[in-house]
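The next part holds the structures, each set out as structure tokens.
Next come two complexes built around chain A: one with chain B, the other with chain C.
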Partner chain A sequence: MTSQVDLREAADETVIAISGELDAAASAGLRDRLIPLIPGSSMIRLDLAGLTYISSAGLRTLLLVYRHAQAEGSAIRLVGIRDEVRFVMSATGFLALFGIEEIR
Partner chain B sequence: MTDAITCPRSDTVAGYVAEGRGLQDGRFTITTSAGCDIDMELAENVGAEVLRNLDEPYLDASDHIAEMLQPGRFAFFYGIFYPGAPFEVKRIIFVGRQIGAYRFEEPNWWIDQIESIARFYSRAQFGDGPVDFRNYRTQIRLGGDKNGSHVQETDTISRLVYGMASAFMLTGNDHYLDIAEAGTEYLREHMRFTDYDEDVVYWYHGILVDGQDERKLFTSEFGDDYDAVPMYEQIYALAGPTQTYRVTADPRIKRDVDATLRLMDRFYLDRAKGGYFSHIDPIFLDPRQKSLGPNTARKNWNSVGDHAPAYLINLYLATAAEQHARMLGSTFDTILDWFRDYKNSPFVQERFHEDWSHDSTYQWQQGRAVVGHNLKIAWNLMRIHSLLPKQEYLEAASSIGDIMPPVGADQLRGGWYDVVERVTRDGEGFHRFAWHDRKAWWQQEQAILAYLILHGVTGNPEFLRQAREAQSFYNAFFLDHDEGAVYFNVLADGFPYLLGTERLKGSHSMSMYHSAELCYLAAIYTNLLIERRPMNFWFKPQPDGLVNNTLRVAPDLLPPGSVRITEVEIDGALHDGYDASALTVHVPTTAHRPLVRVQLSPAES
Partner chain C sequence: MTAHDLGERIDGTPTHLVAGYDARIGKPFPFGATIVSGGVNFSVYSAQATAMTLVLFDHGAQRPKAEIRFPDEFRIGSVFCMTVFDLNYENLDYGFRAEGPFDPGRGLRFDASRVLTDPYARLVSGRDVWGAEPDWSDIYPYRSRVLSDDFDWEEDRPLRVPAEDLIIYETHVRGFTRHESSGVSAPGTFVGLREKIPYLRELGVNCVELLPIFEFDEFANVNSNPETGERLLNFWGYNTVAFFAPKAGYAATGPLGMQADEFKTLVKELHKANIEVILDVVFNHTAEGDERGPTISFRGLDNQTYYMLTPEGYYYNFSGTGNTVNCNHPVVRDFVLDCLRYWAAEYHIDGFRFDLAAILDRAQDGTPLPNPPVLEQLAFDPVLRDCKLIAEAWDAGGLYEVGHFPNYGRWAEWNGKYRDVVRQYIKGEPGTIGEVATRIAGSPDLYWGRGSRASVNFITAHDGFTLHDLTAYNDKHNDANGERNGDGGNDNYSWNAGAEGDTSDPGVLRLRMSQMKNALTILLTSQGVPMLLAGDEFGRTQQGNNNAYCQDNELSWLDWTLAEKNAELLRFTRALIAFRHAHPGLRSGEHARGTDYVGSGFPDLSWHGTEPWQPDWGPFSRVLAVMWCGRHAKGGTVHDKHVYMIMNPHWEEHEARLPDLPAGSEWRLFADTAAAAPGDICEPGAERPLIHPWSYLVRPRSSVILVEGDVDPR
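Up next is the complex of A and B:
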């Protein structure tokens, strides 16, 4: 199963939804698709509600997104993280890089 | 240009009382290491002491100066240069009670010293309570207190673990092994990143702790290596666990080390042009990423030369695995192929582009030499020569041993300098200091170990002289008899330098690694190779960790056949299941972890 990226833009934010499995194979291609979607000086929400698995390569991809957003002066939030993904991100310390929003 | 300093100035002079010019009417002459004669005069209020170890009382020798200042005696003389007059001696440090006797050559000198240092760091980090690495802090003040910093660096924990494991090997004191194992476990739990996609392990730079909360620091936080994964951090993350593995045979440590070696092999190794890259970026694990800035596609001393001393020799000693022997040979072949630059400098080049062209533009490094790295090459060449005999290794090490003293040592005061310019200025006969003429504890270690093993293997008496002079300076000036452990830096004249981070006993740079490594290996080289005396070593292996129940007990890479096992005890009972010349012990399978004491002795020559 591969991952999928959907983009939604609103007046004051960009929402990038990543769904599926972010494994090593998916991560390589995802990087090239994600980076151009990151605007400057904006709020970016990564909607992970549909993300069912994240690998080490996937974590590094998120790190890339984080670094790129920082460079663009954008803030970044994670939304709707599933428990299994949250566990992996927390255990590896990657979760601490991001602000987290819960789905209400 | 004036070359006359006409005002009195204080200084320290090291040398030997000259033949035929011993003490008479308060005057005598000494000859320095470089062969210069300096006339001396004792001040009326001169004091004297004999070298003492940590935790030993002051040994006053003021009433014995006359009988001790005899020709051939080596000592340190602190006093005042008055223009046109003999050097007025205010204080003398004798390095032994008799002429030709050096206190640090006593059988237990270095063993006592590592135990004192281990007690200091144990108390500093854990006080009188249980060993809990949640309380570990990288920064330790001069007296052992912690400051407010909440950073736990992976490398400094690993270095402390190394020191404690080494202290256990020399003393059998379970408390030190407890710290080593707890630290190894803590590194595994908190500092290790297991990348299942790539089937490798890498180690976080560290963690920021605040109570029960921690934030992992994935990439280096330091200017030199900011936002990169430097090779040297991965190397030193292995130092402590590997030394612990020699003692415990814990298979989990072996798995972590092997997985880290796969990281190095897959992402840092340059298969095309040889050597290891110095940095990879944290996202693509690629050494050629432009985001690495001045570290893009670079190789340096650390990424090539530090494997051997930090973990790889110890890993080989524990396993006798052929691939580790090959890596030892290839890293030092790389050094001999690319690092020497004798047509331009007596010092090696330390930083390179991918194609081995020199990079002399980097930040602090520029065209500079770290004196201790040259000595480290000599020291480790001699170790590897014992495993993989090669005339080139012996010649290269001996050559470094010959050329270093006039360019890297302080031949007036003793001790070894820090960072100097690789190339002298036109008309100048010395290599200018990059920043200062202070002397660092770890650089003295490199000189001591290099010259000890050079003499121990070759028998060259000049190397023994250099080893003794280096040990004399270190033991005279670096031991902190007031607060414990050793000083980071001393001024050129030997007085402690206690400003900034160099005041600390625990920091990014210092954490019971070099001071313990020095004690451990100086004891081995002095006792087993030079003075030819037996030594005891302790191990406590896990029964399920030994391959074929075989515990390998070689203390270091020494000349084949130079030492033998002469006694083994397991849990206090004599045990005869060992191969004396192969340096292996057969450890019977037990339900518990046995305490194994091994006596090693020099072989009959």
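Up next is the complex of A and C:
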């Protein structure tokens, strides 16, 4: 299983898109890859529209990254979560631990 | 990263290469599989095994990918422990192969051809989706897996609701929301139950007691429905496979192996709603059955330790299910303790109800012990100090210990005597009035010195008739269980109110409704800890089946349309629950003394008949009234109003004169089960003045609750 990370930066925000399948194997390096991409004090959107599967380890990695960003003073949001991923996140209680931005 | 990266350890590197895997001697504690720096620590006990092999599979794979024999130097005492490095633990199933003698006469049943489930497995795969046909050829049906046990509980803390303030709601995770009428997103799961929390809050219960949620195999049942031929499952799950693992089939995320997170989330959300969680735990037997049963785990690892065996090496059967767990063996004691500590600490569980708990006080040869070590240990365990411990104080081997279960001032009991006599009283049996009074008072005859909080009062539970069926069937109707109606108890003390089962007779239906209300009225105004069976609040039926352990269908599932159909009963139950919460005088925890020790002019508890202060305890007397003096609430530490409850299970009406209240106070009507809704009950605090303030006409087979109110100065 694989996951992919894409970075888009604009003047006032950073968008980090994670796509593919995020399991323990893919999670291993993900945190180390993501953390340097997180700038301090700006708006960060984690775009999960391309994320089709997330495992238990993947959820934990995502939360660690999210909290790292918060600790750095960034405003961070998850966007574009697919329904099936959202259900898993909700069932396991992770959804409530993130700030989610709904796409209108 | 800080200077001390605790992730890096000087023992975090391999010393051995075993079967192609980097390994190192592990740590014996904790038992089971634990994620450690760089790898996974595996630890398993066996006193008699001559050798042990760790068997690894890619998750779900038919064949093992590795068989890693524990090197001799990796054994500490009788514990085999090894850290294996660089495992993708998320994609891993593991088990053990234990070598040793097969000598049943000596109690040894090793079988190295089996891959055994880890007794400490915290995650188990194999029955991931409830009822999904398993692969019967799988050489390893219940697969131990490695769990990431980190979880963000946020500010969740044990609720520590005093036992006497609990209103327990007994339910089944799957049965609660599996019915299509539940309207939840994932019927029959922890998620489904979570979505019903608003309902539970509205009902007013503050504790849910869940039928077994430890991993079990619903396919472990041999019977089929004789009429339909349909295979019957083990629905209840009193048949544990793995004591540390939540049942995957109860989790919407079970197929993803996320049942632990899903269940923890349910507990966390229930706590947010001020609802405690008690687990029904089954330590009396395991799913391995007797010598003809499957070898899953314990039998193959250390049969002599885990089971009570006859001198000839056969299984004692005090559980009625084939085997009996050897709970007072020192190693098994630790196992039980480890297990409960784990659920208390890692899942924030608030209490445990022990199925057939009398078995826990049997010695290794089955003899009842006066001072059973396992019960004493649980009673004084530091981690479990705030957990409720509730015994089903009997077993299938003839031990009946209601009232004298070894308790160490700590254990409560399912009060089976409460159930039996209240049922008889409600249906009008003569000669029950004296005992029913004792039960309503919190059974001081059974629990003196322990307080009424030791008495879990119930009229119905999963085992037996539902409340509706108690009022609709004289006899059990268990044919669908495939045992020719031979299963299930015969002492039901039920009464069908004039017609057996379904009827359209309005008189019968009305009588059943008020009988259900009578039962709930007594239950929720008795001293002790009331327990309701889920669905009874809206008249759930099992069509007369009093042992629906194998009925995974409409017979067992809560039909939520009944909440509308029987809205009258639901409203009545809600109001009664609110009444109990509003009146601490009903929840004293300690037994009443029968004297006035606060100078209120009334004893804490007094009994009355059709004449105040004159209870009639005669054999054919049926009308009984009880007065709880509000000034004695919680031992006189709290101010409550006086409560007067009159019961008339007689088929004739009786005029009951009421005791005088001090000047300025009068009796007001809270509930009358004979009155037509909505006049049958009101919100606590909205009680109405009586037409005749000094007496009340108690109609046939009805109950009345009055409460002290201020005289209207106009």
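As a convention for this text, the second predicted complex is superposed on the first by the 101 of 104 C-alpha atoms of A that agree within 3 Å, B and C clash if a C-alpha of one lies under 4 Å from a C-alpha of the other, contacts with A are read in each partner's own complex, and residues count from 1 in each chain.
Heads up, the rule we're going with is that a contact is a pair of C-beta atoms (placed from the backbone, for glycine too) under 8 Å apart; a residue touches a chain by one contact, two chains touch by 3 or more.
From a predicted model like this one, the values you see are computed outputs, not experimental measurements.
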| item | value |
| --- | --- |
| Partner chain in contact with A:Ser55 - chain B first, chain C second, else both or neither | both |
| Chain B versus chain C as contact partner of A:Asp23, first or second or both or neither | both |
| Touching partner for A:Leu63 - first (chain B), second (chain C), both, neither | both |
| First, second, both or neither for A:Pro36, with chain B first and chain C second | neither |
| Partner chain(s) touched by A:Phe87 [first = chain B, second = chain C, both, neither] | second |
| Shared chain A contacts, counted only where both chain B and chain C touch the same residue | 23-24, 55-57, 60, 63, 92-94 |
| Contact set on chain A toward chain C in their complex | 23-25, 55-57, 59-60, 63, 87-88, 90-94, 97 |
| Residues of chain A that touch chain B when the two form their complex | 23-24, 55-57, 60-61, 63-64, 67, 92-94, 96 |
| Contact footprint of chain A on chain B as seen in their complex | 193-198, 204, 207, 214-216, 218, 282-285 |
| Residues of chain C touching chain A in the complex | 88-91, 148, 150-152, 185-186, 189-191, 251-253, 256-258, 261-262, 264-265, 268-269 |
